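What follows is a group of structures, each given as C-alpha cells.
The same chain A turns up in both complexes below, where it pairs with chain B and then with chain C.
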Partner chain A sequence: MKYRSQAVARPYFIAAIGLFLAQIVFGVILGIQYVVGDFLFPEIPFNVARMVHTNTLIVWILMGFMGAAYYLIPEETERELYSPLLAHVMFWVFLAAAALTVAGYLIVPYARLAELTGNDILPTMGREFLEQPTITKVGIVIVALAFLFNIGMTVLKGRKTAVSLVMLIGLLGLALLFLFSFYNPTNLVLDKYYWWWVVHLWVEGVWELILGSMLAFVLIKTTGVDREVVEKWLYVIIAMALITGLVGTGHHYFWIGAPEYWQWWGSIFSALEPLPFFMMTVFAFNMVNQRRRNHPNRAAVLWALGTSVLAFIGAGVWGFLHTLAPVNFYTHGSQITAAHGHMAFFGAYVLINITMISYAMPLLNGREANSMRSQVLEMWSFWLMSVSMVFITLFLTGAGILQVFLQRFTDTPLPFMVVQEKIALFYWLRLISGLVFLGGLVVYITSFFVAARDARQGIAPVAKDAELAPVNP
Partner chain B sequence: MTATIATHQDRYPPGDLAIWIFILAELAVFAIFFAAYAFARMGDVALFDHYQATLDKDAALLNSLALITGSYCVVRALAAMREDHRAASVRWLIAALGMGTLFLVVKSLEYAHHLAAGVRLSTNTFYMFYLSLTFFHFMHVIMGMVILAAVAWKAHRGGYSAREHTGMETGGVYWHMVDLVWLILFPLVYVMR
Partner chain C sequence: MAQVFTKSMARNIFYGGSVFFVLLFLALTLDTSLTLPERDQRHQLDPSTEVGQRIAEGKRLWEHNNCIGCHTLLGEGAYFAPELGNVYTRFGNNKEAIKAFIQSRPAYGIPGRRSMPRFNFSDAELDAIAEFLKYSSEINTAGWPPNKQG
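Up next, the complex of A and B:
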C-alpha cells in the first residue's frame, strides 16, 4: 500500500466477501427449492430467496467496485484520496442500506415492504433486479454521488492515466444509468425498454469498462509490463465493448414490443460482443507471458487469467449461444438464459472483484503477498469455484436444451411444470455443483485467516529477491 | 541514422499494431452486417431490387470519389511528412478532411431526401438495412475525421517528423479502412442487383 487512504478499500472488500457468502447460501437454498418445492416454505419463499440471491450479488459487486476504485485511484493518480472520511461514512451508509433492505425482504411480505417504504409516492419497486424499495434506491444514488465526487476530485487533482479515466467513465456511466431505475412508465413496453438501460447497459456496457480498468491495473502491477502497452489494449477493448454492447442492447428488444429492426441490430451487434472478451483473454495471457517480473502473489495472477478466460466463455460464448433472434425465439427466458447468467456474472464480475481483492488485500495488510500456504488455498478455491461453476452452467444448459425442446420446439409441446418435472435430474446435479461452489468459497474465506496466522507467526511471504528478478529482460 | 529511417519506413504493418486489431474487429462488424444484408435480400429479392432503385446512385458515386480522393490526400500527407515537409503534410490532411466533409454533406442530403419521403427504419427490410448500414458507416467517417483532425493538429504543432510519424500512419490506416468499407457498401447496397 503506497497511500494511507487506500486503506478505506479494506472494509468494502470484507463486506463484499460477506455479502458474496450470503448470496451463495441463498443460491443453495434456491437450488434446493428447485427440486424440493416447499423447502423453507413459508419462511423463505422462492421469489424472496431469488430476490436476495440477485440483489446481494449486485450489491457485493458494487461494493467490490467501490473498494477497487478506492484502492486503485490513489495509486494511479499518485495522491491521497480526496476524503477518506467520506468514503468511510458512505461505506456504513451503503452497508446499512443493503442490510436493512435484505432484512426487509426476509421479514415482511414484499407488498407490505412496498407500503412501509412509501412506494406509492414514487413507485419503482416490483421489477426484476430493481426490487429495492425506493428509499434504498435514493440511498444508492446518494452513496454513488458521494463516491463519484470523492473519486472524481482525486482524479482531477492527480495524475491522469488511461486506467483511472476508463474506470471513472465506467463508474460515471454506472451511476447515470441507474437513474433509469426511477423511471417506471405504466406502458409495459416502455418500462421494459428502459429497464434494460440499467440492466443491460450496466453489465454489457459500463461495467465492462470498470472490469477492463481493474484487470489492466492488476496486470500492470503483477507483470511489470509497460503501462503504454497495457493502455493500448485497454482502449481497443473498451472501444469494442462499447460499439458492440451499446447497440447489442437490441437483443433484449426482440420480443417486448419494440420495432422489428431491433431483431437485426440486436443480432448483428451482440453477435460481436464476444470479441472484446476474447481480446481480454489474449491481452491477459500476452501480458503474463511478456512479464518482466514474477510477482510473489501468484494467486492474484491466477484469478486475473481466470477472469479473462471465464468471462469470455460465460459472457461471450454462452451469450452468443442464444443471442441471434431466430435462436432466441425458442430459448428466450429458459434455463439457457440462467446458464449464461451464472457463468457470465461469475466469470466477469465475481472473478474480477476477487482478482482485485486477492491482489490488494495482502498489501492492505502490509505485505506484498500472503504466505504460500494461504495462496495454495486460494488457488484451490479458484479451481473449486470455477470448475463447479462450469458444471452448474453445463447442467443448466442441458436442462435448458431439454426444456426448450419439450416445451417449445416439439410438435407436441408440454406444459411448463410437466417439463420442469422431467428435467429435475439436471437440477439435482446443479445443486451438487452448487454445494461444491459453496465449499470453494469457504476455502477462499479460510485462506484469509491462514494468511493472517502465518503473518503473525512470521512465516515470510514468498517475496524473495530471486523471485523478483526480471524473467524477460 | 539513415538505417533507422529505413527500418522505420519498412516496418510492417505501418502504424500502431493496436489499430490493426481494432480495424480487424471493425471489419468483422461490417462483414457480419453485409452478410446479414445478403441473407435478408435472398429472402425477398424483388423487394430489395424495387427499393434499391429509389437510391441516388450519382450521389453515392460522388461520395465514393470523395472518399478515394480523401485517401489519396492522406497518402500524400504521409509522403510529405516522410520528406519532413510539415506544412505540406498538414495541407494534405486538411484536404482529406475537406473530402470527408463533402461526403457527410452529400450523405446528409440523401438522408434528408429519404426522410422527407417518409422512409423510416420500420418502412421495410431494405430501407432498414440501407439506413442502418450507411449510418453506421457515416459514424465511422465522423470518427475517422476526428482522428485525422487530431493528427493534423499534432502535425501542425510539430509532433511528427520524417523519423517518427507512427501516429500519422495509425490515423491514415483507420481512414483507409473507412474508405474500404464504403467501396464494398456502395456496390452492395446501391448497385448490385
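Up next, the complex of A and C:
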C-alpha cells in the first residue's frame, strides 16, 4: 500500500465477501427449492430467496468495484484520495441500505414492503434485479454520486492513466444508466425496453470497462509488463466490448414487442460479443508469459488468469450458444438462460473482484503477499468454486436442452410443470455442485484467517527457493 | 514493430467506436419508438378508460407481489414457474380461469411440490391482474412463444 487513503478499500472488500457468503447460502436454498418445492414455504418463498440471491450479488459486486476504485485510483493518480472520510461514511450508508433492504425482503411480505416504502409515489419495485424499494434506489444514487465525486476529484488532481480514465468512464456509465431504473411506465414493452438499459448496458457494457481496468491494473502490478503495452490492450478490449455490446442489446429485443429487425441487429452484434472476452484471455496469458518479475502473490495471478478464461467461456461461449434469434426463439427464458447467467456472472464479475481482493488485501494488511499456506488454500478455493460452477452450468444446460425440447420443440409440447419434474435429476446434480461451491467459498474465507495467523507468527510469504529475479531481462 | 499500432490509435478506436455505436443504438431506439404504437397495444392503456385503469392496477399488483420472482413474462424473469405472457391464451382466452387459479392456491403449499403462495386478492384485484395478463398476451412478440405451453 503506497498511499494511506487506500485503506478505505478494506471495509468494502470485507463486506463484499460477507455478502458473497449470504448470496451463496441463498443460492443453495434456491437449489433445494427447485427439487423440494415446499422447502421453507411459505416462510421464505422462492421469489424472496431469489431476490436475496440476486440483490446481494449486485450489491457485493458494486462494493467490490468501489473498493477496487478506492484502492487503485490513488495508486494510478499518485496522490491520496480526495476524501477518505466521505468514502468511509458512504460505506456505512451503503451497507446499512443493503442490510435494511434484505431484512425487509425477509421479514415482511413484498407487497407490504412496497406499501411501507411508498412505492406508489414513484413505482420502481417488482422488476427483476430492480426489486429494491424506491428509497433504496435513491440511496444507491446518492452513494454512487458521492463515490464518483470522490474518485473524480482524485483523478482530476492527479496523474491521468488509461487505467484510471477507463475505470472512471465505466463507473460514470454505471451511475448514469442506473437512472433508467426509475422509469417504469405501464406500457410493458417500454418498461422492458428501458429496463435492459440498466441490466444489459451494465453487464455487457460499462461493467466490462471496470472489469478491464481492474484486470489491467492487477496485471501491471503482478507481471511488471510495460504499462504502454497493457493499456493498449485495455483500449482495444473495451473498444470491442462497446462496439459489439451496445447494439448487442438487441438480443433482448427479439420477443418483447420490439420490431423484428432487432433479430438481425441483435444476432449479428451479439455474435461478436465473445470477441472482447477472447481478447481478454489472450491478453492475460500474454502478459503473464511476458512477465518481468515473479510476484510472490501467485494466487492473485491465478485468479486473474481464471477471470479471463471463465469470463470468455461463461459470457462469451455460453452467451453465443443461445444468442442467435432462430436459436433464442426456443431457448428464451429457459434453463439455458440460467446456465449462461451463472457462469457469466461468476467468470467475469465474481472472479475479477476476487482477483482484486486477492491482490490488494495482503497489501492493505501490510504485506506484499500472504503465506504460501494461505495462498494454497486460495488456489484450492479457486478450483473448487470454478469447477463446481462449470458443473452447475453444464447441468443447467442439460436441463435447459431437455426443457426446450419437451416444452417447445416437439410436436407434442408438455406443460411447464410436467417438464420440470422430468428434468429434476439435473436439478439434483446442480444442487450437489452448489454445495461444493459453498465449500470452496468457505475455504476461500478460511485462507484469510490462515494468512493472518501466519503473518502473526512471522511466516514468510513464499518458500525460500522461490525465484523473484526477473525471468525475461 | 510494436509501434505500428500505438496506444493512441487504440484509444481513438475506443472513443470513436463508442461514440459511433452509441449514436447508432440511439437511432435504432428512435426508430423503434416510432414503430411501437402498432405493436404494443398502447391504445388499451388509456387511463381514462376502465380497461386502461384495470391494466395499470394489474401491473401494479404484478409488481407489488413480485410475480417476476418465480414466473417469466414474455420470457423474462425467473424460471421456477410457468410463462405468463401467454397464460391468457393457454387458459382458453378466459380471464375467469386465471382468477380461479390464483384464488385456489393452498395457503401452506403442497407437500414436496412447488406451489404459488396464496395472496388473498379481492375480486377487483383479480380482475385487474387478469386484464393485465390479457393485455400482455396481445403484445406483438414476433410469434414467441413457440407454442401455448410457453
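What to note about this one:
Note that in this section the second predicted complex is superposed on the first by the 469 of 473 C-alpha atoms of A that agree within 3 Å, B and C clash if a C-alpha of one lies under 4 Å from a C-alpha of the other, contacts with A are read in each partner's own complex, and residues count from 1 in each chain.
Basically, contacts are C-beta pairs under 8 Å (C-beta built on N, C-alpha and C of every residue); 3 or more make two chains touch, one makes a residue touch a chain.
The shown structure was predicted, so the numbers you read here are calculated from the model rather than taken from an experiment.
When the shared chain is aligned, chain B comes close enough to touch A:Ile268, but chain C does not.
In the superposition on chain A, A:His53 contacts neither chain B nor chain C.
Of the two partner chains placed by superposition, only chain B is touched by A:Met279; chain C is not.
In the superposition on chain A, A:Ala239 contacts both chain B and chain C.
Contacts of A:Glu260 after superposition on the shared chain: both chain B and chain C are touched. When both complexes are overlaid on chain A, the residue A:His322 reaches neither chain B nor chain C. Once the two complexes are overlaid on the shared chain, A:His251 sits clear of chain B and of chain C alike. Which of chain B and chain C touches more residues of chain A is settled by the count: it is C.
Residues 232-233, 235-236, 239, 243, 259-260, 265 of chain A touch chain B in one complex and chain C in the other. Chain B makes touch with chain A in their complex at residues 16, 18, 21-22, 25-26, 28-29, 32-33, 36, 40, 121-122, 128-129, 132. Interface residues of chain A, counted against chain C in their complex, comprise 33-34, 36-38, 41-42, 45-48, 50-51, 110-111, 114-115, 119-120, 123, 125-128, 131, 162, 184, 186-190, 192-193, 228-229, 231-233, 235-236, 238-239, 242-243, 246-247, 249-250, 253-260, 262-263, 265, 329-330, 332-335, 337-338, 407-409, 413-417, 420. Across the complex, chain B is touched by residues 232-233, 235-236, 239-240, 243-244, 259-261, 264-265, 267-269, 271-272, 275, 279 of chain A. Those residues of chain C that touch chain A in the complex are listed here as 2, 5-7, 10-11, 13-14, 17-18, 21-22, 24-25, 28-29, 31-32, 35-36, 39-40, 42, 45, 55-56, 59-60, 62-70, 72-83, 107-115, 117-119, 135-136, 139-150.
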